[in-house]
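Can you read through this structure? Questions will come right after.
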Amino acid sequence: MSQIYVGCELEYVTASPTSFLFQVNAAQTNRQCTINENLSVSPGITLTTLDIGLHGNKAQRCFVQPGSFCLYYEATVQLSPEVDFANELSERHFNELPSCVLPYLNPSRYCESDLLGNFALKQFGPSPQGLVRVRSICDWVFNNLIYVSGATDSQTTARDVFVQRQGVCRDYAHLSIAICRALGIPARYVCGYAVNLQPADFHGFFEAYLGEDWYLFDATRMAIAGGLVRIATGQDAADVPFATYLGSALLKSKKVWANLPQGAPAIVSQPAQAATSTA
Amino acid sequence: MSQIYVGCELEYVTASPTSFLFQVNAAQTNRQCTINENLSVSPGITLTTLDIGLHGNKAQRCFVQPGSFCLYYEATVQLSPEVDFANELSERHFNELPSCVLPYLNPSRYCESDLLGNFALKQFGPSPQGLVRVRSICDWVFNNLIYVSGATDSQTTARDVFVQRQGVCRDYAHLSIAICRALGIPARYVCGYAVNLQPADFHGFFEAYLGEDWYLFDATRMAIAGGLVRIATGQDAADVPFATYLGSALLKSKKVWANLPQGAPAIVSQPAQAATSTA
Amino acid sequence: MSQIYVGCELEYVTASPTSFLFQVNAAQTNRQCTINENLSVSPGITLTTLDIGLHGNKAQRCFVQPGSFCLYYEATVQLSPEVDFANELSERHFNELPSCVLPYLNPSRYCESDLLGNFALKQFGPSPQGLVRVRSICDWVFNNLIYVSGATDSQTTARDVFVQRQGVCRDYAHLSIAICRALGIPARYVCGYAVNLQPADFHGFFEAYLGEDWYLFDATRMAIAGGLVRIATGQDAADVPFATYLGSALLKSKKVWANLPQGAPAIVSQPAQAATSTA
Amino acid sequence: MSQIYVGCELEYVTASPTSFLFQVNAAQTNRQCTINENLSVSPGITLTTLDIGLHGNKAQRCFVQPGSFCLYYEATVQLSPEVDFANELSERHFNELPSCVLPYLNPSRYCESDLLGNFALKQFGPSPQGLVRVRSICDWVFNNLIYVSGATDSQTTARDVFVQRQGVCRDYAHLSIAICRALGIPARYVCGYAVNLQPADFHGFFEAYLGEDWYLFDATRMAIAGGLVRIATGQDAADVPFATYLGSALLKSKKVWANLPQGAPAIVSQPAQAATSTA
């Protein structure tokens, strides 16, 4: 059980009336509990909370008049990570997967799992199945990609990342997801906050469905184990932008943080591994 | 109110134990009612009905031993198409869209709406909004694509179709959907049966969200108005294959049909237009 | 007959011994004559002049020790543009094209002419052939692309530009070339200097083969007519980078200029049109 | 020194007057000598021989009236393969490459070497350079691709092949070329005839520049060593189609053969390796 203090501050200048949809709040799950949450906007306008999609995401919608606009969010999040799961977490056969996870086998905008079947089978087919296999996927992605800020953009997909072997956290997650799906392992994208991320920013990681639950993985190895806080879940990053808007907006500054409480014992960063689960 | 007799017969040979997921049943909606439905498999094995995804789809799952396998489906479907909607069906502003339709603004595997923004705005920005605009998108797609069987495959996306200007029904739908989303109009893929389709096959068309409901469109103009029967709904074709399997299967034959009852008055094919709505 | 003063200054820092290949010298053609040319490097090392490829290009090769490295080039170029060609410049039938221009019908790295056939035929098939048609291609490209610095990069191809409808000069040229080739008009890429370019930089434009010669076009309309100075010619930009290197080099600054002599009469910018020809 | 009997028969039906360009004749090089060559067309029309491009290719051009058209080619080709080259064939440094081979470092339509740099360096960077490295590239391509007829088409590029890990001979060649270029090894595409190819067809392979010459490689391992007969050379397959036409033509049948003379000693197929060289 650990507590993490997370938050962000987003400053915009809008040139015309603009509709915003924000996904920045820490999610409420059976393993993640938000306490002392505060979301405020300046100038003070109405925020409407929406439930979006099949992933249980929440979003905040608002309509902003031209001028300066600032959103501030902070929360303390209590995590109950699953700590005692063993390597024997197994993959479920296609015939036994619960129907609610089946959509996460489909290819999506940034995860063209349909194209990577031959590679995935050759590279990871011989591996022991289950948690061991997902970990070996994360290791392969970590070892074969170069983390390069600015080398990719919002159009970059798993295919591109696989070819060019470089990217940032969302690219690592997309490629990992695509490989999992190509092997018949349901996988989905998670955006969130991550303790110790350098430079501080929103983080992208992923979940794979093993045994009877979803388990978190981070192929970048950038966040500390037990330091991932979920905001929202999707097929891929297309589903969970931290902000969507219609109108004319310029993001002037973005600050994101995720810290352990002062005095907390240091948590040593560890190789990519399943860390927390959610119902 | 019209009745349509639909069905399909799929014959496989499987070389190993194979899990199948079929999406061939006509959907039950407030505008589409299935009567006299019959789904059978040979040899006789257990079919499990699953609810899949956020689209309200049903699927049939089964586990097949090696050998010949045949699925037979037939049903009479009663449609209550919305016939009196007027051209003034409007687009809803981003700020007013119900949250359940927001995911259908996101780009997806086959509909890279994020890439087509400049084109969509230049070509359809000046158009009157609402039903008129979606119809003009359908007209543009119809007039600028060449229907060529075999020119595209399961990897072909809206981007490819836009460049190469050819494809089949699913390509027409994907491009139409991508343009709608690029303009802020929620749009989604529908697979189904279509009366008078030549050659007979499953059909792909799409829905756009206008006013307060989803409306069907078919940019191919191949099906008769009022002759579209929904099987399933998805972000794009990736969500609604008529069959998915894990194992070793060969599709030996596929027959698909959709007919008006004998003695029914002839229905004249019409330009692409909104035809039926669903809740 | 006009004179243009062109040049560039490129400053590098190299961290290891580095081989460079520069293409910055104004070409010598029957319509372009270089006078008072000066190419110098600091520190003073040997430059070897190479003839490259089938395009008649010259390049300078050198081997640079770690440290600072600067290349300075300036020249006065005398142009003898073809001024009296008429609209009746015709396209040559495939069967009559000289063999030396046939390679310029092939698709290349950045000009996938093989993908744009349907579009090209529908859009420009009905046009009168010859100069009129190439001009209408330039007009279409100018009118349908948005000039956006930074929206594209060195991987962007004509296909991407066609989809996203934005780019910079090289993207305008690539799309124009791809359309020409798709119609059976040999076309090739030209990099060079351009008078009045804002901001000053190397420029990319193209040539189409009409009548019995190559004619220059610039779909961006950014350079003044008669103000294009050729450096090198290629299938596309892949053939004519201003600098290629093997080693570790950082381009610290780049200055490029192309000016009319002081006191020269002002030249008014004109719509895209054939401007000069080369043997 | 070996003799190979090669040839092809191409039958077309043309619906309108059609211009053809054929590249089917065995090339004349310092290691490949054509004897008893016969090229005939029916009906008997004029064939014009053209020199095309920078690769020394020959092509036959003709203009065909509507109806049936047949081209028949046969020749006996004498090869003088380089048999005694040793593993120490080295790579030439970028700074020492002859200018005529520099264009073969550039990316091209089907060989996006610019995208594969990270992969190539990680996978083949540690390898000994020279012949050993090119052989290890061929081995990797052979071991990581699945040969699947019909899985790829004329749009498939090295990038696609790298992702999907399947293709036919031209795909194997394109990927090998792209990797070579990414490592600074000039490489180019060769189409030709190949002894023992199953099924018989034109073949695609490639050349890498090592030491002071070009050396042939075939990553498919489908042809026997010493059994490759060059027709034409290009940046990639875009430069060397066996037939190009403008008009309306349907290829009704294609026969291609390459046989050792009767009574010749059996030649055992061998792993991919450099086989012959050309000036």
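Should a chain be cited, it is by its letter among A, B, C and D, assigned in written order, with residues numbered from 1 in that chain.
Quick note on the criterion: a contact is a pair of C-beta atoms (placed from the backbone, for glycine too) under 8 Å apart; a residue touches a chain by one contact, two chains touch by 3 or more.
Everything numeric here is computed off the predicted structure, so don't read it as measured data.
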Q: Could you label the chain C-chain D interface same or different, taking same to mean over half of its residue numbers are used by both chains?
A: same
Q | Between chain D and chain B, distance of the C-alpha-averaged centres to the nearest whole Å | A | 44
Q: Using mean C-alpha positions as chain centres, tell me how far chain C is from chain D in Å, no decimals.
A: 31
Q. Where the CA atoms of chain A average out and where those of chain D average out, how many Å apart are those spots?
A. 46
Q: Enumerate the residues of chain C that touch no fewer than two other chains.
A: 115
Q: If two chains touch, include that pair; go through all of them.
A: A-B, A-D, B-C, C-D
Q | Residue ranges of chain C in contact with chain B within the complex | A | 115-116, 118-119, 122, 144, 146, 159, 162-166
Q: Sort out for me which residues of chain B touch chain A in the complex.
A: 19, 21, 50-54, 59, 61, 63, 93-95, 99, 102-103, 106-109, 112, 114-115, 154-155, 184, 235, 238-239, 246
